[in-house]
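Input: a single structure, listed below in structure tokens.
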Amino acid sequence: MSDLSHPVPASPFRPAATEAPWLRITLTIAVVAILGVLLFAPLIAVFYEALREGVGASLATLANPESQSAIRLTLLVAAFAVPLNAVFGVAAAWLITKYSFRGKAILITLIDIPFSVSPVVAGLCIVLTFGANSWAGSWLVAHGLPVVFAVPGIVMASMFVTFPFVARELIPVMVEQGRAAEEAALTLGASGWRVFFTVTLPNIRWALLYGVLLCNARAMGEFGAVAVVSGKIRGLTATMPITIEMLYNEYSSVAAFTLAAVLALLALVTLALKTLLEWRYADQLAATHRH
Amino acid sequence: MLSLMVLLPIAGLLVQGFSAGIPAFLAAVNTPRTWAALFLSFRLSLVAALFNLVFGLVLAWVLVRYRFPFRKVLNAAVDLPFALPTAVAGIALTALYAPNGAFGHIAKDWGFKIAYTQWGILIALIFVGLPFVTRTVQPVIEEIAREVEEASATLGATRAYTLRRVIWPMLAPAALTGFALSLARAVGEYGSVIFIAGNIPLKTEIAPLLIVIKLEEYNEPGAAAIGIAMLVMSFGMLFVINAAQVLSRKRRGNV
Amino acid sequence: MQIEIDEISKEFGTTAALTPVSLSIPSGALVALLGPSGSGKTTLLRILGGLEFPTAGRVLFDGSDATRLTVQERRAGFVFQSYALFAHMTVFENIAYGLRARKRATRPPAAEIARRVTKLLDLIQLPDIGARYPSQLSGGQRQRVALARALAIEPRMLLLDEPFGALDARVRKDLRQGLRDIHDTTGLTTIFVTHDQDEAMELADLVVVMSMGRIEQIGRPQDIRARPASAFVRDFIGA
């Protein structure tokens, strides 16, 4: 069987399963042009605006205390949210693919909820549940652990929003692999944890890394949910995206766009790594599909 | 633990929203400003999702079927709206479409204003929802056997007829899923919109922003009421789309 | 319809799939293109059907040049190895497809389409499966539906690519006779591709043995068996 590439014939006739050449060329040009305007122009705009007053000026804005604390806070939030979500994601995917139990369908739906709920509503939910006016919130504040307008709330909001990424990537891979290898390991006398670390984890490592990457990009960049729970306290609860908003609204354009450029670079690195992984991971998946 | 993380906050929302009783809830939602915001959010999201449905299908087709330089780069770039933080997208789009920006300037010469109008919101919503349809449809296009298209041609069907009667029915379920995801994303979108929207009450104020405003006014029940209204409307739309999909799957037997 | 293949060659990039090939097929014949994979038999079939275009040479249908005709204009009933049934359509809709796809001026009315589909379902001896989907059929049933779908357009010839390739041995035997019967009732010039010499010898009036893009021998089955023209044919038949 030939692959899916449809070679252009040497003769002036076209094969049955393609569009007319003029249509193909028109569509390709249209797609490239629209993507250029819609995707590439904003990306270029970020770097253009950041470097408007020269590299030195924009680097200098990164050194100001506001940007510094924003970067530190964002890294701190990601350092909590991403590993926690990686663990939860593996646990959820494991539960869903390896066991059958009551309420499994509900669990699958729950995992997807953050995708269909507005981040602002997610943030709102956290404020209402853990805010100073709520029962849980007042208890937490009384015990010296405020959630809303504090770092724990930001971590929670980031986790809520990025929750599905790891599990979503893992579930199809784990379904594909089935349980045979693990059962074999168990019959050979390996303990449950040993099976997990020696059989399951190596099999899912690329999918896991992929999910973690997406999770991280989203956690560092989350705005809506964090805007609601953080209270936007300068130097304390202002993450990078929140600081971008504050700087932008104060007309510190270069500072805002420089911080934005840092996040845009993170996004580009994420995309590049993701593409690399896809090539690698596609081989593995294709191999399992073929047999 | 997991369900706790997702369910507890939603329970909190419901408790707060209805804490003062149903009449108070209705009173909070039933104001011109709230209705205008909800209507604006859903209307523009629908338009953006429709654009993304059509463009996403064409984009997926071109990326899978055609060969041209930088195709792989373009393919990777489709995910940019997923990876780029919304606040970054928001200020970037504003910089482009504001009257003194690169595109806004051209629009101004033509007597047109994009940023700080509903057009600006629409562009932001199209941006954030762009990848969904393409990413759900792409694997389906890759799976289509070439013989099926050739069979259609040997039976005398024109290319357009083949695309309409053979290809589209194969792609429709995935396209609808992508459309629903794109719609849900647009309805809830906040970060990329607020910079470009201008946020004029009754005109360019989206529902998520209204929630933030209510919260800043310490009107928690009011915020909760709008949040619930949004949830109900989103789930309603998703329900309709899912039902349509189940129906179409039933119609074609257990394929 | 009489088919004339005149010095057809086909290159994919730098590899030659068909070195110039000539062949004359009398009207109403049942012809087998026999050869191992890579012999060019499927390429030749696809060129006849208009799915592939030759690098050089001509195809003549009843004496008139058909080389430049598009797939749609060829009106060749084509049965694919995978059958390529439309999974989202019922058997009825699959068979009616070619008629419904016609331009309004030549499209038969709905009642006429229904009548023709029913007649074709009778012809393939599966009168009761119109409402089913392809996924609910057995392999043998799918093959016959694909045949009925190809016949629905009132083709000028019938082209089949490994029509029995995807079936198990028992069903194969039954369906061979089925194809023979359909050929005899319709009187269509029928060309099928196969790598199975038993199949070719048992079913065809005329066998075309191919190898590496060339025709090794053309003849009636008994002649080929009695007098193989080359060492390759002798090996391939004897196997």
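Per-chain residue numbering starts at 1, and chain names A, B and C are given in the order in which the chains are listed.
Keep this in mind: a contact is a pair of C-beta atoms (placed from the backbone, for glycine too) under 8 Å apart; a residue touches a chain by one contact, two chains touch by 3 or more.
The structure displayed is predicted, hence computed values, not measured ones.
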> Comparing centres built from CA atoms, which chain ends up most distant from subunit A?
Replying inline: C
> By C-alpha centroid distance to the whole-protein centroid, which chain wins?
Replying inline: B
> A-B or A-C: which has the larger count of contacting C-beta pairs?
Replying inline: A-B
> Which integer distance in Å separates the CA centroid of subunit B from that of subunit C?
Replying inline: 48
> Using CA atom averages as chain centres, what separation in Å is found between subunit A and subunit B?
Replying inline: 18
> Cα centroid separation between subunit A and subunit C, in whole Å?
Replying inline: 52
> Do you know which subunit A residues sit against two or more other chains?
Replying inline: 16
> Can you list the residues of subunit B that touch 2 or more other chains?
Replying inline: 150, 153-154
> Touching two or more other chains, which residues of subunit C qualify?
Replying inline: 50-51, 71
> Can you list the subunit C residues touching subunit B in their complex?
Replying inline: 49-51, 71-72, 74-78, 80-82, 84-88, 97-98, 101-102, 132-133, 135-136, 149-150, 152-153
>> If we count contacts the way the header does, which residues on subunit C are in touch with subunit A in the complex?
In response: 11-13, 50-55, 68, 70-71
>> Per the contact definition, I'd like the list of subunit B residues that touch subunit A in the complex.
In response: 1-3, 5-13, 15-16, 55, 58-59, 61-68, 72, 74, 76-89, 91-93, 95-96, 101-103, 123, 126-127, 130, 142, 146, 149-150, 153-154, 159, 181, 184-185, 187-191, 195, 208-209, 211-212, 215, 220, 223-224, 227, 230-231, 234-235, 238
> Considering the complex alone, what residue numbers of subunit B touch subunit C?
Replying inline: 145, 147-148, 150-158, 161, 165-166, 169-170, 252-255
>> Show me the residue ranges of subunit A that touch subunit B in the complex, using the header's touch definition.
In response: 2, 4-6, 16-20, 24, 27-28, 30-32, 34-35, 37-43, 45-46, 49, 88, 91-92, 106-107, 110, 113-122, 124-131, 133-134, 156, 159-160, 163, 214, 217-218, 220-224, 227-228, 240-242, 244-245, 248, 256-257, 260, 263-264, 267-268, 270-272, 274-275
